[in-house]
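There are structures below to look over.
Two complexes are shown next, each including chain A; its partner changes from chain B in the first to chain C in the second.
This part shows the complex of A and B:
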């Protein structure tokens, strides 16, 4: 992987991470899933108010998908030690030296850290969650318990997969990785 | 029964009603903040909750604000009804800054640890506020710092644990919270009344002690409710479904006390016509409450050592060992440490029962509980005496009750109210003149150690206290050498008495036992000394007068031994550095 000209810097990426993962996914969306998953299991017809609430909060996931994609795509750059060469004291090196050194440390980082692979896996996991959520949304809209049984999905297992997704995001490093 | 009341300080759940509703459903909270018109019904709620964002919003900016936190905190420490926050749940990260298009602030430096700043300020305000941190961060990342700053515990908001969050929160409230006696389904007569901070902390200690294993020592003046607290411990412990047995030593001969506790086999003694189990066995899988442990005779104290340590007993007349599983609760109004120092109570037994002790506060230390207690007692007493109508206590009467020092504690309060009710059966009111506190005695404190009131020691004590030197001090100057010798004699004899009293004797060993310099010196001055300091004190006492010292070293082997030992143990002087 080649070091980009204007990559996302670690600080910006951490801000995105805080907003997206901590503030929204953990504090808001997972709290919603924890609050509703057990209630929803097998009781779709009980409350119109609850169904509306669930649909509204499911819709938020769709809004956040784009930001999550950006977050995963920029993980490698944001954690790469190459950016340290743009900051003091390393930025005082000659442009020529910095250029080849950046390429080198970035390439070493990519090979050693496996961040690229982890980000790709997380991205795929997110797409899977999106598909399951769309199905659950459809089931809720149609109030169709039969469809729920036929597709072998459950609100609780959906909640657990989102929890696992969040745990894996938490495991991503926060700081620039030194090779 | 009322629910505990908690304060949740969290930026997001304080601000966003949508997220807060989800949290309430998830944790089983009834939101009584008053700013959400459409709260959902919560089934089996855990507690009532008030939310505070800890922030203020002005001109499109969110600012983290300690003042906002404190204006919320102080509404419940305590509130207008005297109720304290049962628990404070505190977030760590508070996002502030300019509000963006999403309606949320962008965040700024200082947000990440603002919760820790709040925590340290709360603990500065009162270290008694039970704060549990609530965060999505990993426990191991933050627990150490939070504990150092004074938090009781940490709850991670997102976890894959199978335990429901409602159960987690219930457990944390029981473990760390300041909550009244909320037991359900008990006879109201056994409920512990009190919402003062002192009492709430005592109840919390009791819940923490109630592990269902080991021994718990309840200390407290007479009439403070030690037996009620014993039952409370049993009811909140894992042994609550087991039996609860009570042993009172008073009014029973020593041999019968042993029989009551240990039981016997047929033929164990004359009259033992059939096998019988004792209270230890009856308490198996439950709790045994031994009242007035300080008054149990020495021989029986020795017999209690084994069952209280190993949970193994043998019935009288039998060799068969019976293994038991019970929670031991022991209560006394005596100062057992003092008793042990003067050999009225076995040190060994004290060590076995003292691992978790709870002191019940006297009523004078929790006057704010007197109105609640008085109302409840009057209700119970009216029922007992079949009063024609409920009795009301006038505010002036309540003031009289609140100002009294209540040496006999709740029992004394009950007696006074009972007299008031009996004296005027047809009245609707209890007025100040009905309250007769004159006959309550002023004696039952936790140091009732002076039983030998008429001994020569008491005479000496009286003489020393009352003795007054003549005001013409010049006339006594010539008496100083003789006085010094007399006082030296007295001190040496005082020291001999303390040394003899505190000798360490092993049950199986012959002889007088070993000298205990530390114990003797501590006993003399009434506080626990470290060994070098105790040795120094003994040395100084003996060197008070050189002539006396020489006489005693020749004539008294105890003092001779003690002097040698004190010289060996005393603090070493600082070495002078040479030039």
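This part shows the complex of A and C:
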């Protein structure tokens, strides 16, 4: 609940969000999953060409995990009204008053918005999707032919989880939350 | 970066030249038609170049704006839903003269959006406008806080009330005892006039007016007056008066805080 000294500001966080969620997840990865998930379910074992075709793009999830973690870890600070005390007109207050007022408005924001819990849940959801993605990656790489039969995983359910994950990210506020 | 200027006002109103940037000026455009122009394939090819920033200025006369605002607003939201992939490289500014009241939150897209209601005070407006252009050019995204004075007043009320007991603050009961004790010790600080320094009462009033107005309900120039809004407005104005007169009262601050909370809450 403590307001950090150099927190992620809203604008930087929105840039990260735009790049990660809008540009990559929605416009690239989900588009790819929508186009290939149904087909992958049946044809993987039959066709090496299909495997090679999808492997690289499917693996992109792993590359984005770090950015997603950062995105969720910084959500609380980025949406906190405490940052408004560094901008006009509140930046005109004395340093001492700004310090305790920042702490107060941040604490009120945290208890009222439940934002920490939402960010934690999304983070946990991402880790869960990552586990499934790793399993499916092994299947694509043909490291273990039996995985698809032995595990309750499928490309379609993976796609659906990613879609739901994206929907929840969309529900996060964009702007600094004051009230 | 591309700067496009759609002008439906009298051509002699060339205040925008003071901005001292190179605009692609589209004169005498018809306000509503601007959307259809933008969504046309030729414009998409010309304007929405990948990896280029586009700054749009729509400048509308008061009469025209009021007449067509509701239709335009619906079309605008639809347009941006259909073209949301352009959002990150786009900033939109609206200029309109006179007494138009505008609820920014009814505009859903894009996030990079600013509305200048009154450009008669040109130096300030142009200075703010220039800042937006520069920020957008440099960073690609900005988050204009159009209600910055009202927001600031709300935060100061939170501090004042916390220092004086805090019971009326939403979430106060869940704060740690350490923090409560710390802020309660700041009572003297919040009693000083200095506490409200930076609050421009005229700007808060103007921002509050724009929030209370709801064009979708009663038409562009009438004001919606539900009981709760009138109450909130009066109470905020009471506080502003007290700030100007340098006399404060806990009850007034509390009522203004509740009024501001009510007016600033996102309307569904």
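One rule holds in what follows: the second predicted complex is superposed on the first by the 173 of 179 C-alpha atoms of A that agree within 3 Å, B and C clash if a C-alpha of one lies under 4 Å from a C-alpha of the other, contacts with A are read in each partner's own complex, and residues count from 1 in each chain.
Everything below uses one rule, namely that a residue touches a chain if its C-beta (ideal position, glycine included) is under 8 Å from a C-beta of that chain, and two chains touch if they have at least 3 such contacts.
The shown structure was predicted, so the numbers you read here are calculated from the model rather than taken from an experiment.
Novice: Which partner does A:7 reach: the first (chain B), the second (chain C), both, or neither?
Specialist: In the superposition, A:7 contacts neither chain B nor chain C.
Novice: A:36 in the overlay: touching chain B, chain C, both, or neither? Say first, second, both or neither.
Specialist: first
Novice: I'd like to know which partner A:18 touches here: chain B for first, chain C for second, both or neither.
Specialist: Touch partners of A:18: chain B and chain C.
Novice: Touch check for A:163: first (chain B), second (chain C), both, or neither?
Specialist: So A:163 only meets chain B here.
Novice: Touch test for A:100: chain B only (first), chain C only (second), both, or neither?
Specialist: In the superposition, A:100 touches chain C alone.
Novice: Per the contact definition in the header, classify A:89: touching chain B only (first), chain C only (second), both, or neither.
Specialist: In the superposition, A:89 touches chain C alone.
Novice: Could you say whether A:27 touches chain B, chain C, both of them, or neither, answering first, second, both or neither?
Specialist: both
Novice: Tell me which of chain B and chain C touches more residues of chain A.
Specialist: For chain A, the partner with the higher number of touched residues is C.
Novice: Which chain A residues are contacted by chain C in one complex and by chain B in the other?
Specialist: On chain A, the overlap between the chain B and chain C contacts is residues 15, 18, 22-23, 27.
Novice: Looking at the complex, which residues from chain C come into contact with chain A?
Specialist: My answer: residues 84-85, 87-88, 111, 139-143, 145, 148-149, 151-152, 154-156, 158-159, 162, 169-172, 174-176, 179, 182-183, 186, 189, 194-195, 197-200, 260-261, 264-265.
Novice: Show me the residue ranges of chain B that touch chain A in the complex, using the header's touch definition.
Specialist: Those residues of chain B that touch chain A are 12-13, 16, 18-19, 21-26, 93, 95, 104, 106-107, 136, 138, 157-158, 160, 165.
Novice: What does chain A use to touch chain B in their complex?
Specialist: These residues of chain A touch chain B: 15, 18-19, 22-23, 26-28, 30-32, 34-36, 39, 57, 160, 163-164, 166-167, 170.
Novice: Write out the stretch or stretches of chain A touching chain C in their complex.
Specialist: 1, 10-11, 14-15, 18, 22-23, 27, 81, 84-85, 87-90, 92-94, 96-97, 100-101, 103-105, 107-108, 111-112, 174-176, 178-179
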